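Note that the chains are named A, B, C and D in the order they appear, and that numbering of residues resets to 1 at the start of each chain.
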Amino acid sequence: MSHNIFGHLLRLATWGESHGPAIGCMLDGCPPGIALDGAHVQQYLDRRRPGTGRNVSPRQEPDQVRILSGVHDGHTTGTPIAMLIENVDARSADYPADAAYRPGHADRTYDEKYGRRDPRGGGRASARETAMRVAAGAVARLIIPEVRVEAEVIAIGGEEDAGRWDAMLDEARADGDSLGALVECRATGVPAGWGAPIYTKLDADLAGAMMSIPAVKGVEIGEGMNAARLRGSENADPMREGGRYDSNHAGGISGGISTGQPIVTRIAFKPTSSIRKPVASINAAGDAKEAVTRGRHDPCVGLRGAPVCEAMMALVLADHFLLHRGQCGG
Amino acid sequence: MSHNIFGHLLRLATWGESHGPAIGCMLDGCPPGIALDGAHVQQYLDRRRPGTGRNVSPRQEPDQVRILSGVHDGHTTGTPIAMLIENVDARSADYPADAAYRPGHADRTYDEKYGRRDPRGGGRASARETAMRVAAGAVARLIIPEVRVEAEVIAIGGEEDAGRWDAMLDEARADGDSLGALVECRATGVPAGWGAPIYTKLDADLAGAMMSIPAVKGVEIGEGMNAARLRGSENADPMREGGRYDSNHAGGISGGISTGQPIVTRIAFKPTSSIRKPVASINAAGDAKEAVTRGRHDPCVGLRGAPVCEAMMALVLADHFLLHRGQCGG
Amino acid sequence: MSHNIFGHLLRLATWGESHGPAIGCMLDGCPPGIALDGAHVQQYLDRRRPGTGRNVSPRQEPDQVRILSGVHDGHTTGTPIAMLIENVDARSADYPADAAYRPGHADRTYDEKYGRRDPRGGGRASARETAMRVAAGAVARLIIPEVRVEAEVIAIGGEEDAGRWDAMLDEARADGDSLGALVECRATGVPAGWGAPIYTKLDADLAGAMMSIPAVKGVEIGEGMNAARLRGSENADPMREGGRYDSNHAGGISGGISTGQPIVTRIAFKPTSSIRKPVASINAAGDAKEAVTRGRHDPCVGLRGAPVCEAMMALVLADHFLLHRGQCGG
Amino acid sequence: MSHNIFGHLLRLATWGESHGPAIGCMLDGCPPGIALDGAHVQQYLDRRRPGTGRNVSPRQEPDQVRILSGVHDGHTTGTPIAMLIENVDARSADYPADAAYRPGHADRTYDEKYGRRDPRGGGRASARETAMRVAAGAVARLIIPEVRVEAEVIAIGGEEDAGRWDAMLDEARADGDSLGALVECRATGVPAGWGAPIYTKLDADLAGAMMSIPAVKGVEIGEGMNAARLRGSENADPMREGGRYDSNHAGGISGGISTGQPIVTRIAFKPTSSIRKPVASINAAGDAKEAVTRGRHDPCVGLRGAPVCEAMMALVLADHFLLHRGQCGG
């Protein structure tokens, strides 16, 4: 795992900038013989893609995925699966080269690291790269068909009552502001035994995977941060004859290895950094310049985060399934 | 990174069981020419080691580290640094083979994964393995001498007032119970530019590293879980001429790359799972058997977690320093 | 490094089948700020591509490369460089699904490993995948501009006199046969100090890289196989004041680390396996069926091997430059 | 794989200098449930160790291995297996710090890379490190019990008639000189299907593994360098109904994947570089100083190379068995 490559036995390499000609990925290590076509991947991309509601970016990207390798006669062959999405609706004029650094974005840190960057639409640091995670996650699900991965937004701006979200989002949009969101991502059907000590623990890999998603600032497994407030007797998951657990404070992972219970994670997305409301900033030359984002952006990036969390969880679980089968024989 | 090996360019491989003859590690990729002796490492181990207070495990381990390779004439040579600690005070009689699975421990999941395990003292899954992380972290600090990494417990059992902790711990101990803890770990002196998109983001690596520590259930960067409750205008870190930031909601990382501000993480440790208070459980044969831990354990494992968090942060930062120097020339 | 991903800090991921819609790669970890455009890469592809002489395959592939990411304003940005070549002249009718396994090809072993494969043109196992190595190698050269990597065929069918090669190739072609070739690949300008013990030795990485090229069966460094026939006093490279070496039996690498002398490797390419001359074989069903290749193939695949050897050497050297800079500071 | 860590799923990390207190290794990813004790490992170390004949170094090292982790109740547990050998007979006085750089050794290149080194006995670059490869290889064999790996010296100083070797070695020793050797290493019992495209080809991994052994300068698979001299019709391995091959020019690997035939490699060891015969050299200060090795050394390092080749082949094959089982289910 390094740079833009993710995973152990199942490896995802992604590439592409927000306003370049295309974004793409290569998924290496997928087992052979799995039925796969573009339509399967497309359905997951369609759930994530922008332009599908008033609360997500109005950028119009059909996000039509093409599978360019690794599939023959409708089945995976064991060779790398390359997928590609053309960028269609890239309005680069929205991003002048002398723009203010957008607080909360990677504009400035990329400049500081690399000495240069593609400023158009956030370049590589755009949330657009997550489309390829979703595409790869769709394939990963097929490797572990008995596992069901589902994520949903469970709070917006700290409000858990979904009935109030539309009004809150309308208000934030009207204010030129944005809202954070909390996503819960769960997997059911994971058998006991996936994961590995010490640095490839299932929870460690999930935490790294989730934190790699743009805008994520916190990751919890099971009781999460709340575990720090509990007593041992409250946090224990008693076991009964037959193997059943009474509770799942552990979130389905103990000692870095799955327990067979649902795997439960919560992921905190910060509010979208690109807001119309002015924020004091500077430009690349170091001069003061207010950041006032006029491009197209989601008022709550977390709304589109749920499918990405699902994808990362599916990738981690499929990888650990393969790792476990490799070391322990399945 | 896989199994028991951690890191990209700076790689830590650790081994050893709680009650085996020794635990050890090998740190590969350390730059040459760094002054290093056992005493430097020992001071960090001494901060972590058990038997040093009433609130930590009474197991008496001198934890004397020996450096077996990679150092000549008092300096690192660029070859692997092996370190070893003999296990001295291992009372295996405390751990009968037919014991109940201890809820919250890896007893059962190791059995489910591997079909067997070393049951003595938790075997590989014991917090004892963290000693080698601390030893390696002590070396990592020397690679980035300008960086200061410090962690402290900021809450126990949800209580932030440290003046109340002793009483709470005494009470928990008297009850045969345990308490969770919240640790804050910070790094100052990290220049802007360390980290890398997309899956080797500095925050992603930190999250994975922290979540790999036994008993950790949640990791936050900067605002952490609270970011999900904020508005974009509240969460923004304005920038001023000269480059200064007005605030540090980002926790020193933006787009996966360090901003030059302090790196701030919070780590939630669950309460020690080994408690005297009986918990319903089963044994390896599947029969009901109450778990009543009589071995020596910390009433609050988080108290010993702070030095381990520091070590993991030091390892991640030193690794990213080397990665950045490799790709971008320093 | 695994499956279809190559390298340590500079990572090449390639994908694509011979007769799929396209082949491509992603080069991760390239330093920022390097001037790069498609024309630079194209010149190296043009040297390798088929259809350019009577002794190479008549398949007409323009091999026009497109750079899809990682370059902005004519310079690398530090993000992944994706490159893609459309497959144009794929005549899949040449490859019926019930064809005989071609001896010397991966037809049968892919079936045995994966249970299925893309049979068109050798699928993933086609030498066509080497085009992306050449493209990536062209970029790698720019990372180490002071290094000059050059390969040439030094023998065909055991004959070192190049004046006889055309007649030999004509004869082999007339016979429906093919010839092996020996390639020498050298790098000059590599400073002393690149490489690393023990398993990332520069020669170990070069050997692995060269042996991964289709049709390669032997790799030599310096004296190579001949070293086994020498005495220590014959094989020694004496050193003189000022640091000069009298000879270079070592081939520029000692203890896995570059000496500053030219790095010299020799690579043995077996004769093209696809020949018109019938060879006893079987098909996927296990029935006897003579293999008589009628597709378009090179009479001496080694002739096109030289640019691929150069590419692999450039990739390994650029990677080790980055590794060395990372660990030792340049 | 990097620096001093080898392998994909089965990872070997080794450490230790020739004259340090000990050498050791950690083997990560070994499956659980394999019967293992120190005696099994010791028998392989005994075959390799010095001091056992007039033609190998008279250094007296009992090479008693201790298994420090990863084994419980006589079986592997799936956790890292650490092994350690104390260095006993290290005569550091043989290696003054101002010694001439020994031509053919890594003395100078280590200095050039790292700016310093442990000069005692070659430090990390000593062939002594191969003891841990042999120890790990002994474990690897147990992962693939159906596979038999055997290596033997097939030529010394170019002479294939073993009856003449003793006289040649006596003569070389009398001259203060040394001889190269050719080793053939074979594996039988490997089923078809191990290996993986493109950069993890079984032959690519074997070539890298063999070339990482000290003193190796050439690696051949099957026909090896000779393949460059053959015609396609000569090099083809015809197949017969039932799947049998008529010949094994391929050396048991086609397209990077095992064919089910014996895997055949040949490895060229250069003559021992440490010879009593004077060779012009310089010291670390750059002054001319003849290299006259007076320490204890093997007149033909290749004689001890065979067990190391076996170990590396066993490690590569066991790793590929696990990789194949992981991706393809066994």
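Note that in this section a contact is a pair of C-beta atoms (placed from the backbone, for glycine too) under 8 Å apart; a residue touches a chain by one contact, two chains touch by 3 or more.
Protein identities per chain, from UniProt: A, B, C, D = Chorismate synthase.
None of the values given here were measured: they were computed from a predicted structure.
Student: Name the chain whose C-alpha centroid is farthest from the C-alpha centroid of subunit C.
Tutor: B
Student: If you match contact pairs by residue number, which of C-D, A-D or A-B shares over half of them with B-C?
Tutor: Among C-D, A-D or A-B, the interface that shares over half of its contact pairs with B-C is A-D.
Student: So, what's the distance in Å between the C-alpha centres of subunit D and subunit C?
Tutor: Roughly 25 Å separates the two chain centres.
Student: Report the inter-chain centroid distance for subunit B and subunit D in whole angstrom, where each centroid is the mean of the CA atoms.
Tutor: 36
Student: Counting only residues that touch at least 2 other chains, which ones in subunit D make the list?
Tutor: Where subunit D meets two or more other chains at a single residue, that happens at 2-5, 9, 14, 29, 32, 78-79, 110, 113-115, 124, 197, 323, 328.
Student: Looking at the complex, which residues from subunit D come into contact with subunit C?
Tutor: Interface residues on subunit D, with respect to subunit C: 1-6, 8, 12, 14, 101, 103-106, 108-110, 112-115, 124-125, 129, 155, 157-158, 172, 175, 177-182, 192-201, 203-212, 214, 217-243, 246, 249-251, 254-260, 266, 268-275, 277, 279-282, 286-288, 302, 323-324, 328.
Student: List the residues on subunit C that touch subunit A in their complex, please.
Tutor: Listed in rising order, the residues of subunit C that touch subunit A are 2-5, 9, 11, 13-17, 20-24, 26, 28-29, 32-33, 66, 68-70, 72-73, 75, 77-82, 84, 110, 113-118, 123-124.
Student: Under the definition above, what is the set of subunit A residues touching subunit D in their complex?
Tutor: So the residues of subunit A in touch with subunit D come to 9, 29, 31-32, 78-79, 197, 322-323, 325-330.
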